[in-house]
Each structure stands twice: as C-alpha cells, then as structure tokens.
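What follows is chain A paired twice: with chain B in the first complex and chain C in the second.
What follows is the complex of A and B.
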C-alpha cells in the first residue's frame, strides 16, 4: 500500500514535469525567429506559395491549438513528418535510438563496474598507497574533457593498434555482438570522466559511513571489516550516491551526442544537429521531448531504486529523523 | 573470581608526525564476576577508550603500548585479529550511547540482529527463533512485529532494547555499556536500567558501566572507578565513593554533579509577576506539513498551549521525549509556523540555545563569523569597530576569551562550544532566551559551568529564560515556575516547588517517580 502510494505520487510528478517540458519546448521553438516555410521554399518563393505551405503545415493556426494537437501526438507517438526528411519523425528517431541508448547503457555499466571497486579499494583505507594512486588517477580522468579523451583513444586504438575502425557501425538486428563491439570504445570514452565523478563521490560516502554508529555496532557483533563493507557500508553509501548516478546518467546521454560525432556514428546527436541547421521544427521538438522523457524516466527509476533500498523513503513521514 | 584483569595498560594515539598522545596511562583494575562496575569521569578522561581497548575496537591510529588484558583467563592482546573478533558477541557484548543511529537504517531489526548468529553458521530457522525469544526477554510484547520493523519505526528506548538484545544474544560473560542511557529521558532510563539489571542476574553477566550521570551510577553500580586524564584516580564500592569521597577530585565531581544552587553559588533575578510579561503565548497549535503539495496537515503536534513569561523569570518546561517540548520552543522562536493561536514577543527579541553544541555550529567558520551572523541576519547596521566591540562583549559575557574568536568549532571543547552558542544568542540582547536541554550532552563539570553562566545572564541582564530539561534537579534549582507537557498538551503548571511536591497530572507523577528511582 505504502509502496503503491509512493509510486503513484512519483508518477503524477513525472507527468506534470513532462507537461511543463513539452510546453516550454513548443513555446521556445515557436518564439525563436525564422520562418520554416521560407527556409523550405528558398528565397525565390512567392507570397502565395508561402501562405499555401504555411496552411498545409498548419502554421497559420493559433499557437494554443497547435500545441494541443502536438501534445496529443507526442503522447500517442505521432509527431508528424519531418520537413527536411519528409519521413515520420518517430521513425527517424527510432532508427537512431539504438546507437544512443546502447552507448548510454554500456557507459552506465562501465561506470558502475569500475567506480565501485575503485571506491571500495580507496575508501577501505583512506590515505593508503592504493587510495592515493586511485585518487590521482581519478583527478586526471575528471580534468580531461571527453572529446580530448575520445581523440586520444581513437588514435591509440585505430592508428597504433589497429583494433578499431572509426565510423564502422553494425545494426543490432543483423549482428548484436558486432553492434556492441562498435559501441564499446565510444562508450568507454563517455564513461571515463563519469567513472571519476562517481568514484570520488562514492569514496567520500564510504569513508563517512565507515565512521557511523551502526558500523561500530556490527563490529561489536563480531563481523569482519569485509562483511561490514558489503553488508552495511555499500548499501548505505549507495543511497546517497544514487542521486549522483542519476545525474551521471543524464550527463551520459548528453555526452553520447558529442562522442558519436567524434566517432562518426549514426546516433541522435547527428540528427539533432541536422534538425537545428534546417529549422526542422517537428523533428527538433520531437527529439527534445523524447530526450526529456528519457531523462525524467531515469530520475523516476532512480527514485524507485532508492525507495527499494531505503525503507525511510517508502514511508517518509515517520522516516524524518 | 575475576572476569577481567587489566594490568599496566597504556594506550596512545598517533597522529601524523607529532608526539603520540597518551590516552590511557598505566591502568590497573579488575572486574569481578557478576558485579556492575561503574566508570565515571569528565568527557575526554578516557572512559570510552578504556572500553574500546578492552573490546579491541580501537581506531587504527591507536596502539596499546604496554600491559595486558585478561578476559576469562585469556590474554586477549596475544590473540590474532580474527580470534579477538570472535570474542566480540561471544565473550564481550557491547551497547553504546546513541541508540538512534546504532542500527543500520536499511535493514529490519531482525536482520540487524541476524548477522550475529549468521556469521557463526547457525541455521536460519534457529536464528529467527532465538532472536524472537531474546526480543521477548528484553521486554517486547510483540517480538514478531519488532523483528519485522525498521529502526526508524521504533522509538529510541525501543532501539536501545533491541541493541541490548543483540549484545546479550550469545550470552557473553561481560557486557560493556558505554553511556547507554545518556540520550534517553528519565522514564526510559529507569526502565532500561531495570532491564540491564534483570538480564545481568538472569544470564549471570558482568557489566562495565560507563556514565557521566552520577545519580544513575549511584543507583545501579556495585563498585565505581573514577578516571581523570587517562588514569584511574579513585576506586571503591559505590557507597563510599559517592557518599564519602576521600579523593579531592571525586568530591569536586560530586559537588558539581549535584547542581546544587548553594554550592554552585547560583543566584537568580527577582521576578515581578504583577508587571507586564515579555512573552505571551496564547492558545498555540503547531503541525508538521505533509502530503503532495505540503498542504495537507498532519495531526497537531502541540495544541492549546498558553502561558506568560515575566521579565527576569526562569520557567521550566518538562516532559518525556516526544511530548512536544522542542516543537514548542521552535514555534516560539519562529522556526515553525503555528497553525493556530498567537505569540506576542512584546517588542523584545527571543534567542534560542539548542541541545547539541556540536552540530549547531558550522565547522567551516570561525566563532567570530558565528557571532557576526545574527547581526547580519537581523539587519543591524554597525561600523567595523562597533561590530567588533559587540562581538568581544558577547564572547566575554559567556566566559570565553578574545583568542577563541578566531578558532573553528572543532578546536573547542563541548562546554566551550555551548558557551559560543549562548554568545550567539546573547549578541542580539534578547529579552527571552529559550534553552533546549542546554547541558544534557555535557559532562557534570561543563554542565555545572553552563548552569552558572545561565544564572549570571539571568541575574545581570534580567533575561527571562524558558528552560527545557529532563533533569528535575536542575529545574528545581533554577525555575520559579514549571510547565509539564505530555502528548502535545500542557497538563500541569504552577510554582515549581508546589508542582514537584504535590503533582496532580499522571505525567508529572511519572517523571517524579522516575527521578526518585534514580536517586
């Protein structure tokens, strides 16, 4: 019951967020100067041609009507046709989604699988040789921008070792493992700075939890340091790190838009650039809306995961300390 | 028979390059089988460190430099780390001061206790039945429900019972109790002490009981040792130590702990009850917000509270934990908005001092910054010189010196921090000061000095004080009138002497009863 109420409350919040985002997106693209019809028809178009195209695209209708139409479409998956590609927006997006989503998931896995062991090794004994080495390594990763890392890694992997060819992409439907192979290196480039960030935060949190009273209680129960680390310290540090991880996730999404340019992959990033330069309003607003949807869903997932781990989140009224 | 024998034990803490600090200095004592041995002394005297050394739970920077610890005939310092860990729970059980944070918040009570048996490879079904029966032993009527509850769903007293259940689960011979009742109210304290005593007899346990509350020690322990600067300076049976002290330091500790107005030289301001009040509280109610938009209101936490406070008056506010004392204090000083009623500050200012001087000062800033902050917040425009003069005045008024201004809170002792917090309150020259348990987290010496300071402020500045405390002795010595709260209501009020002599409300009777059982 408590759980259902909690999830229900979060879903209402999620819906409201999406509504606000959709309105702001729509309003922003309606307000910015530039006329889609004149861009599409070029400088030699006559006034009649322009107004004909405008009414064909529905641009002559009042903004409120257009917004409601578009909103209905957004929630039913029909975002209209792209002006530039003359294809349904939704299929343009779903075509390119596997690249972006695949890279995001791979990067997230890398972040978790690498930063946790690093933080445990480091936080176990702050100030030790392994802690200092890992911390310096973390700082270096944190300080380098992803595109610099990308170029470095591309050069190393393709030119020096010849194990990667830039721009190669296989569809997941034809060869799933080939698809993963193509995304591995770009995902690693996105993940590196995020590994540093998650590591830094998790390490601090582990050190803090280590000094807490319940750890002392478990020691007095006779538990070894290793089981206290895995049974108590890690779950508790994860609770405070989940917020950071959800931030990292939306960063990863943004990062993948840039990195796919560097690696020349057919993802959402390139589509977004094309849509902006050609003033392809339906495509642009559709993409922004769906990226917002993904982000909001990620935060929702993070909330649910925290609630699963932390009972105080599930019934937070009694949970206030 | 001695259950523990400690000989020539010294321990130092190593920090960086400096000279190691000697924390325990050549301790020699023994704990007899079946006794309750009290260990008293000021904060920082080494009481807890003695306990942690015996248990083998010292931080990595600490090192035993000499001596031996024999528990049940074994020299534990010669054991390997793994063997020593095995002693914890089996031979030595431990409970600590703050039960609120001593359980893992992410696991149920049952799971928190389960680990003790799990690491000793006891089958699952047996583990559960043993824990449930132990929860029953420590006084839970519905052990199954407690087993399934999360720590945040049960009260502080219940959590301490859970921790006792954990410490006693494997029936260890020695139970180390480090200030187990200091953060509990008097009524709960009495019940926890009774439980410890019962368990001690029933399971043939010996207890090393660390406390700075002498009335608890007097009531509870067979023998008492006094520690000062890492040394045991006095030790005898409780009767002789607490009623007939031979050691000068012990005698001084006792005088301070009594918080007796004459021996402390306390004097309070005259009160004119016919004059106009400095604070009028009229029928206030407060609720915490709840619900999706924070609009829906939870049940009122406090309700229908009215009283007047006169210039120079010290009024007590008592009641068990959770009765709404702090909520009332927060409402009066404006930290919470009342949902009903009226508070008239009568054109004066209200200052507030809270219980925990550690967490109420920002560790990133100096004391000077802290004293300047209220002036900034109140929008008082002063020149640099005037500001400095005011800050200096305030710090001197609380008995600190100019040099403390440039220090960070981390470099002050608990008593000094509480003084700094009082200075923060005084700098705006309030006509009313609300002191919410201002000395319950301090040891006897610091508590006595804070008490003296409050009486001086009251006498010299005619500041009225609303004193929230669960220490009836303090209320008796300090307060002209007293309010008794229970479940969010004022259930009794009147002149302190009358109320405490012939209480009418059952809540007052329970408080007085608990205090009597302790002394």
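What follows is the complex of A and C.
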C-alpha cells in the first residue's frame, strides 16, 4: 500500500517533469532569432513563397497550438520531417540509435563491473596501500576527458598494435559480435572517468557502512568479513549509489555524443552535429527531447529501484526526480 | 585517525597546488622576453617542427608555436570556467536558497524546474544553446552557466534544509529577522564547507565540458586557440606529430587534476569524510 502510494507520487512527478522538459525543448526552439522559412528558401524568396512555406510548416499558427501539436507528435513518434534530410525525424533517430544505446549499455556494464571490485578492494581497508593506489588512480582517471582518452587509445590500438581501424562499424543485424567489437573501445573511453566517479562514491559509502552498528554486531556474531561485505555492506551501499549511477548514465549518454565523433561512428552524435550545422530544428528538438526522455525515465527507474530495495527511501529521502 | 586525515588533506592540497603551479610557471615563461611567439602567426617555413629550445612544444601544421597556443588556450579556458561557474553559482544561489528556506510550494516549483533542466544531458544542452544562438565566447559561457546552475541549487537546498533545524536559525526566525538577512548572514557562511568543494569541482567540470565543446567546434572559436580545437586539429597528424596531442592534452589534464585534488582537500578539511 505504502509502496503503491510512493510510486503514484513519483508518477505524478514524472508526468510534471516530462511536461516541463517538453515545454523547455519546444520553447528553446521557438525563441530562436531568425525566420526558418527565409533561411530555408534563401535570400531570393518572394513573400508568397515564404508565407506558403510557413503555412506548410505550420509556423503561422499560434504558439500554444504548435506546442500541443508538437507534444502530440513527440509522444506518437511523429515529429515531422527533417529540413535537411527530408526524412521523418523519428526514422533518422532510430537509424542511429543502435550505436549510441549500444555504447551506453556497454559503458554502464563496464562501470559496474570495474568500479565495484575496485571499491570493495579499496573500502575493505581504508588507508592501506591498495586503497591509496586505487584512489590516486581514480583521481587521474577522473581528470581525463573522454575524447582525449579516445585519441590516446586510438593511437595505441591502431598505430602501435594495428588491432583497430577507426570508423569501422558493423550493423548489429548482420554481425552482432562484430558490432560489439566495434563499440568496445569507444565504450571503454566513456566508461573510464565514470568508473572513477562511481568508485569514489561507492568507496565512501562502504567506509561509512563499515562503521555502523549492524556491522559490529554481525562481526561479534562471528560472521566472516567476506560475508559481511557481500551480504550486508554491499546491498546497503548500493542503495546510496543508485542515485549516482543514474547520474552517471545521463553523463554516459552525453559522453557518447562526443566519443563517437572521435571514433567516427554513425551514431546520434554525428546526426546532432549535422543538425546543428544545418540548423535543422525539427531534428534537433526531436533529438533533445528523446535524449531527455530517456534520462527522465532512467532517473524514475533509479528512484523506484531504490525504493523497492530500501523502504526508508519512501519516507524520508528525496528522490532524484 | 584525526591526524591522518589532516595529513591526507595536506598531501592533496600540496599535489593540487603543485599541479596548478606547473601551468602558472609555463604561463610566466610564455610572458618572458625569451619567448615571444604570437599564438596565431603562421610560418610556412616552420611546419610540424618537433619540440626544441626554439619551440618548446614544437609547431603545428601551419607553423604556429604550440607552446604559445597552449598558453592562449589556458587563458580562454580560465576565462570560460571562472565566468561560467560564477553565473552558475549566482543562479544556483537564487534558486536553491529560497527553495530550501521556504520549502513547500516554492521548493516544489523551483526543484521541478531545476530537475527538469538536469534531465537534459549537460553537454547536449550546452551544445544546442550554442548552436542555436551562435558559437561566441559569451554564448558558451552562459550556456555552461545555465547547465551547471541546478547542481549548485541542489547543494544549496540540501545545505539549507540541514541548517534550518539548527537553534540559531530558529532563534533568528522567532525574533522575526528578515529572511534575506538570515539567508545571507546566518546560512550562507555556514554553507561554505559544502559550497567551496562544489565550486572547485565545478571549475574542473566546466573545463572538461568546454574542451569537449571546442573539440566538436562549438566552443571557443578560431583563430583563438582552445585545447579541444587544438586536439581535434591534431588528430590528423597523430602519428606524424604526436607532440601536437601530447602537450595540450597533458596541460589540460594537469589543470583539471590540480583542481580536482584541491576540491578533495577542501572537502576533507571541512570534515567531509568521517572515519
């Protein structure tokens, strides 16, 4: 009952957030200086041509009508045609989605698989040699911008060892493992700084949990360190780290936009840059909205998951959303 | 344990300041009379020269001195990150302080807006803002300020809520002290332990963002040098002239790392990590 109430409250917030996000997206592209129709037709267009194009694009309608139309389109997957490509916005986006989503998922897996062992090793004995080494290592990783890291790794992998060729991309439908292979290095570059971030929070949280009473009690009951760590400390630390992980996910999405540019992969990043340079606003607003939508849903999922794990979250902790 | 914590703080502070000192020393060298290359002057006779005593960091494909360009890039990086953090800090103060202090519907409304802004992946928001309004230094700065404002608002809100139940704040409220005065004179000074690390880490993050944006060609615009743009240009000469990548990348990382260590030192010195 309490859980249902909590989820209901979160759902209302989710709805409000989506409304604000969609309005911000729409408003940002409506207050742009310059007339889209005259940009599209060039300086020699006549007044009739301009007004004809405006009514064709729906630019002559009042803003509130256009917002509702746009909102309807956004949720039914019909955001009109891109100015530059003359293709539906939605199909342009879904074409590029496998690269960006694949990279994000791979990066997230790497973050989890690497930061957890690091944090356990480090938080087990704070101040020890392994803790200090890992902490310094984490600081350095954090300061490396993903695109610099990508350039270094490309140089190493392709020039020095000849095991990677930049810009190679295989569609997942034709060769799934080839596709994963192409995304492995770029995902690693996105993941490394985020590993440092997750590691830092998880380590701090493990150290905090270790000092708590229930750990001392378990110890006096004769539980081994290993079972205290995995059965008690880790689940508790995970709850406080979930918020961080959801923030990491949105960073990963943003990071992949840049890194796929370095690796020359046909993902959303390249589409975004093309849309920006050609001032293709239907495409831009669509991409902005859908990327934000993914992030909102991820935050929502993080809140629900932490509420399911930890009943305290339902009552006295503010969620991410 | 207390002494070891202080020792760690001191080490972090020392490392942070020495890393930043490297940049400062480099900057001073660039200003001396021994080293007077214009960062933008091209020289067809001196293309892609490796580092030497003449050109400390070598020259690029147009014969421009990489060291001089690195220093110019540092200048713009500092400008963008400090102005950007200042804007974010002011906006964050204006949003987060009342949200935490008044609570209720004010809080709900402000947090809804600021959380909604946070739902856009940061780099995307900055890129689009700059793309839409044109890539000028001014636009880069306010776009980054806007993107980072919710982070500060959050730090403020959490801090203010934590302080609100303290007796001296309740006391001031009972005496009907003006809320403005309570916020500025009583709450603000007590939030410094949370704000200082956030500001320093904000400087580091903003530097990383700016370099990413200029890598994509939407940050500081040519002919001005910026680390991201230098690295993007250097990519085609990766194997031929590695110094084009190594030095800008190194300076960028040193600067960010220095700030990062300082923020850790600030956090620890205020007792951020209790053991």
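To be clear about the criterion, the second predicted complex is superposed on the first by the 313 of 321 C-alpha atoms of A that agree within 3 Å, B and C clash if a C-alpha of one lies under 4 Å from a C-alpha of the other, contacts with A are read in each partner's own complex, and residues count from 1 in each chain.
The rule we apply is simple: contacts are C-beta pairs under 8 Å (C-beta built on N, C-alpha and C of every residue); 3 or more make two chains touch, one makes a residue touch a chain.
Everything numeric in this text was worked out from a predicted model, so none of it was measured.
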Inset, instruction - Based on the superposed arrangement, let me know which partner A:29 touches: chain B (first), chain C (second), both, or neither? - result: second
- prompt: Just chain B (first), just chain C (second), both, or neither: which does A:154 touch?
  reply: second
(Q) I'd like to know which partner A:284 touches here: chain B for first, chain C for second, both or neither. (A) second
So in the superposed three-chain picture, is A:140 touching just chain B, just chain C, both, or none of them (first/second/both/neither)? second
Chosen between chain B and chain C, the partner touching more chain A residues is C
- Look at A:67 in the shared chain and tell me whether it touches chain B only, chain C only, both, or neither; answer first, second, both or neither. neither
Check your understanding: Which holds for A:218: it touches chain B only (first), chain C only (second), both, or neither?
Key -> first
Practice item. Quick one: classify A:295 as touching chain B (first), chain C (second), both or neither. Key: second
Shared chain A footprint, chain B vs chain C, residue numbers 321
Note: in the complex, chain A contacts chain C through residues 13, 16-17, 20-21, 24, 28-29, 32-33, 126-127, 139-140, 142-148, 151-152, 154-155, 159, 204, 207-208, 211, 250-251, 253-255, 257-258, 261-262, 272-273, 276-277, 279, 284, 287-288, 291-292, 295-296, 299, 320-321
In the complex, the residues of chain C that touch chain A are 4, 112-113, 115-117, 119-125, 127-129, 131-133, 204, 208, 211-212, 215-218, 228, 231, 235, 238-239, 242, 245, 249, 252-253, 256-257, 260-261, 264, 273-275
So, in the complex, the side of chain A touching chain B is made of residues 9, 12, 212-214, 216-224, 227, 231-232, 235-236, 239, 309-312, 317-319, 321
The residues of chain B that touch chain A in their complex are 55, 57, 82, 85-90, 92-94, 96, 98, 100-106, 108, 112, 115-116, 119-120, 150, 152-153, 163, 166-167, 290, 292, 298
